[in-house]
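The next part holds the structures, each set out as structure tokens.
What follows is chain A paired twice: with chain B in the first complex and chain C in the second.
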Partner chain A sequence: MEISSPMTISVKVMHRPEPESTSYLRAALSGMALTFKHMVNPTKVTQQYPEEQTDLHPRWRGTHVMERHADGRPKCVACGLCPTVCPANCIRLVGGEDDQGNRYPIVYEIDEFRCIFCGMCQEVCPVEAIHVGRHFENAEYTRERFVYDLDRLMDQDHPSTLLWDPSDPQSE
Partner chain B sequence: MEMVNLTIDGKAVSVPKGTTILEAAKTIGTEVPHYCYHPGLSSPAMCRMCLVEVEGAPKPMPGCVTTVTEGQTVRTESEDARRHRRGVLEFYLVNHPLDCPICDMSGECHLQDYVHAEGRERGRGREPKRVFGRDDFGGDVLFYGDRCVMCTRCVRFMSEVEQDHRLTVVERGNRSVIDTFFDEGLEGTHFHGNIVDVCPVGALVSKDFLHKARAWDLTHTPSICTSCSQGCNIELHTRDNLVQRIKPRENLDVNAWWMCDYGRHNYEWINHGDRLEAPVVRGGEPSGAMSWGDALRALLERVESLGGSKVKAVASPFSSNEDLGALRALVEALGGGSILYRSPEAEDEVPLKGFPTLVRRKDLSPNRRGAETLGMSRVGDDGANGGLDGVAEHDGIIIVLGDGLADQAADFGANAGLYVFLGTHASEAAASAHVVLPITSHAEGEGTFTNHEGRVQRFWRALDAPGMARPGWLILGALASELGSGDAVPRSAGEAFSALGARVSAFAGLSYDDLGTRGAIVNESVSMTGD
Partner chain C sequence: MDLQPISGVPALIAITAKNLLIFGGVLIVVAYATLAERRVSAFIQDRRGPNRVGPFGLFQPLADGLKNILKEETLPATASRFFFVLAPLLVLVPSLVTFAVIPIAAPLPTPWGVVDMIIADVPIGILYVLAFSSLAVYGVVLGGWASNNKYAFLGGLRASAQMVSYEVALGLSIIAVLMMTGNVTLAEMVWQQQQLGMWFAFPLSLAFILFVVSAFAETNRLPFDMPEAESELVTGYHTEYSAMKFSAFMISEFGHMVTASALMATLFLGGWDLPGTWDNAFWYQGQLIGGFAQDGSVILAQPTWWKTLLTLGGFAAKTGFFLLLYIWIRWTLPRFRYDQVMALGWKVMLPTALAYIMLVGGTILVLDELGVAWGFGYGLALTAVSGVATFAFIFFIDRGRTITGAAAGAAQKREIKTIPQVSSRPAIAEHAAVGD
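And then the complex of A and B:
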């Protein structure tokens, strides 16, 4: 069958050097020279994780942290804005009243598996209670363990993410 | 009626003489912001939010009390009107705390809405805000004094509508605050839940709903209150497939804007789990839990093998007209028989003095009038107990719809040839039924109730039904159709209602579209027994 096409395709045929008539000695030597140079004066690229920890960027958004008051209570007032804004729908919140008459979260759970770490919960929080953190090592043996409850979120000891410059929070 | 022509925001409006500017603006879809004005209460014009620019007037006029005059030109959206409102809003925020994150009204608060729409971007206040703290008003009401904007709607509701002067304003100026008399509180009043509804901000909140859900999380479904035969129009506010609270829905013919506290808080039974979820057939082959098709086929086989046994049915005044009508059609298809129902009754009525149409009726079931219209007869006492001895020992076919039979012994229907139980919850007496069929509650399906005056009102589906539960009209309609009632199987509650109209003259000519959200009076008046 003859194919007639209005488009013409030009083909350029490349010729490899013939193996018999080509010497690779020079290339091999220059490669070995580079290896030798690195052996004498090494520039480390590989990081010896986990012995060496990575420096995370101040805006790294990882595992959440719940801030506490000085007396250990969570700063969260159960306003319900983070479950509302959360695009992954990974925050479960049940509000209630504590013995001092303050609104507080009876249940506050974040499913770190479902979370997409967008940081909108931190942005929307009116009392700066929930933060995303500079941390990523949250491996677990079961899926259930990825649902962090309030106590676990308060016990996280890694630094919180800086979503904005603290000296200029409104970018003015 | 003498009509007055005027112009509001450049649009020509024609309203009856004596109408206020605020109400006239509503007719063209313009809402003038307001706090103290409520259509069900008097207008003191004290919130100063509804200030509008009236051409020729030297100062802005309050729209809630200024009546329209011929040829008037009103501007609600002009730069001047907005400037006045912005000023008033700034005064409100001098003392109103910005505690929206912990305020239950957040999301449905009028101050939040108006400030967001046209308030100042940043506050200019430097002085500390006044602090009152929280006060328990008794009953279901908590008062957050800091949030109050002194519209006095609550005070006027108690004095004008409930007509029980329990609230007043004490002190003057910015120290003025709503308070109860001594320790009396609101305890013992029956309509005080409405002051939470009329409060435009979060000053009065419901203890029952405190911190329970955010306003924007709730799905609102129009429904009918099932707590008495008044048939108040309500909205079910649901979240996570649970009813979180009940709010009244405006219907000037039935309940206006109000409802009683008994109905308002009587919703836990809807959320009560432990439901019948699958059809069960017992005593014979096949038996056990099975699919709807198998269960109904087994049921029809047994009906056939019994051959013309007498039918006795027990219905419930908590079932919809559609369910009761389908039950009647089924009983007629089986050769006819008596249909009984039991209905709870209170000792006293509780009237709302300022709106006498609304009374918490003695009759505590939503659809007794419907059951009467469909020729069912009441048995048992005022606690909806007893009266079923004739049915319990009946040796023909027993059909129970909606009545849980909680007071009946486990040997209910022991002599019956066939005992069919359609219900939501299991009970001892239901456990002995040959066929148990799970049906939906009123919150899980559509239907209508007929209230005390014969008004047929629709309710809508607010929740998902548990398991395999199906509406009663569907199951009974399908059975009746199989047994030769002559009706097609209804595909929707609306069709079931139309089928009802074809059988019962009281419902003839009505359709779901006619009923709408306001309801319609049934064609014939029937005499209520025992009322």
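And then the complex of A and C:
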């Protein structure tokens, strides 16, 4: 009698002993034995955080990264889509145009305090310039430091978020 | 070597040094007991516990103390200020001064005389301990009452009722020890255990169990922490306290634990005694003796500094064992209900202690009438009698389930075997297949 579905819900049935048939002493002693086993057990669940870093999920959305060209210029073309789509209104963009008619950002600032890390800026970007990143340790001593300017966004060296799995196009 | 008790100016110096060292040592042990509690609880729960301040978190108590000194002292607007401030002191002092009468090691010989490793070898010994441990309840009740907070008040009331109840069982379980030693000084209790050749935990096993349980209730530790039952009373009598005053309550709780552990070690595990007769020492008619020869003449003790150190280590190990037991039990057993605590105290512990006093007294009488010498055989006879009593006690309070207690487990195993037959899951799958 095989169960055909691979998604069988497994339920662990716990049999509570009848109150009238329980030996309190034995129950207490077996409890003591259990806690003692855990006490001497060297494997602990605590992650020693600053020394042991957490493995962030590939789709973790954290501190932003601005991608740059090989010559160091930002990839951003100042199209204005990200400040438009941003639900928290945390991106400030002032666009400019150089001699060859290439648009570039004169001012590009992201307020990491306002940001809700939805990742829509990365999704909407036509040139894949702005990314949310797999990074979360962005504590600062002053509030002003949380407004990241263009240079700081370009200097972020953590990996950027994979909003979808490239090997699985349908996931997009 | 002249084995005379130290006297004169050196004695004053020695007493001062002992005061500083022992109370300082107790306070350090108390501080590290708080760390041990947090670490052991963490280990039991598969965590690591505080390990950031210093190596293995060893400076954590210092950090905690510093934090508590720097924190703001709050005073509830409607509290009775005088008693509110007085309560932490009233609860702190008795928990620490009890240690004064507990001998911690074999006497230490110095060029000026022999120094007893006990702060005050008062002749009333255990009575002093009982008196001061009862005093602590005043601080608890005052703290709860003066806070003018209903939870604190309930905690204080519960504490007073519980401590009074279990003090009875505590005192009665000590009486068995007193009958064995014939004296109330703790130094003599250690000596009689050395002479008996076995620690009182065996010949007085039931008294040992009753004393341990009562001591847990006396110190308000789980499973008897009714006065501060967090889920019911916030934290009970010290709900309104902050900063150093709260810290005083915590220090007193752990001080009580350390003192009770030392008492359990002294009364039932031989105190500073280590196996063998090499370390025995006792002041008998002005002489420091190590035992009696066959003809009744005394054998002089030979105290040395390394014996003192070794016995101190033995005492510390025994006390540490009970401290660990305190913590271990706290993080294993659930809290009793209040009426269960009272029922256990008055309906089980008290009658058992009384009956056990009769039993031990009768056995001692019979053994003395038979002319059995105070020694290992005497202890073995009492061990047998107490073993039967202990077994009967456990069997009775466990409603006979201790032996057949596997009933629950056996029933569980039987039911597990039947699970595949009663499980409805395959039937549903079959039904679905038919439906398709």
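Rule of thumb we're sticking to: the second predicted complex is superposed on the first by the 128 of 172 C-alpha atoms of A that agree within 3 Å, B and C clash if a C-alpha of one lies under 4 Å from a C-alpha of the other, contacts with A are read in each partner's own complex, and residues count from 1 in each chain.
Operating definition for what follows: a contact is a pair of C-beta atoms (placed from the backbone, for glycine too) under 8 Å apart; a residue touches a chain by one contact, two chains touch by 3 or more.
What you are looking at is a predicted structure, and each value in this text was computed from that prediction instead of being measured.
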Touched partner set for A:Arg103, first chain B, second chain C, both or neither: first
Contacts of A:Ala139 with chain B and chain C, given as first, second, both or neither: neither
Which superposed partner A:Arg26 touches (first chain B, second chain C, both, neither): second
Touching partner for A:Leu81 - first (chain B), second (chain C), both, neither: first
A:Gly95 touches, of chain B and chain C: first, second, both or neither? first
Most chain A residues touched (candidates chain B, chain C): C
Contacts of A:Pro126 with chain B and chain C, given as first, second, both or neither: first
Contacts of A:Gln48 with chain B and chain C, given as first, second, both or neither: second
Overlap of chain C and chain B interfaces on chain A (superposed complexes): none
Residue ranges of chain A touching chain C (in the complex, touch as defined): 1, 3-5, 8, 13, 15, 17-18, 21-28, 31-32, 34-36, 38-41, 43-46, 48
In the complex, chain B residues that touch chain A: 100-102, 106, 134, 210-212, 214, 216-217
Contact set on chain C toward chain A in their complex: 40, 42-48, 328-329, 331-333, 394, 397-398, 401-402, 404-409, 411-412, 415-416, 419, 425-426, 429-430, 433
Touching residues (chain side chain A, partner chain B) in the complex: 77-81, 84, 95-97, 101-103, 126-127
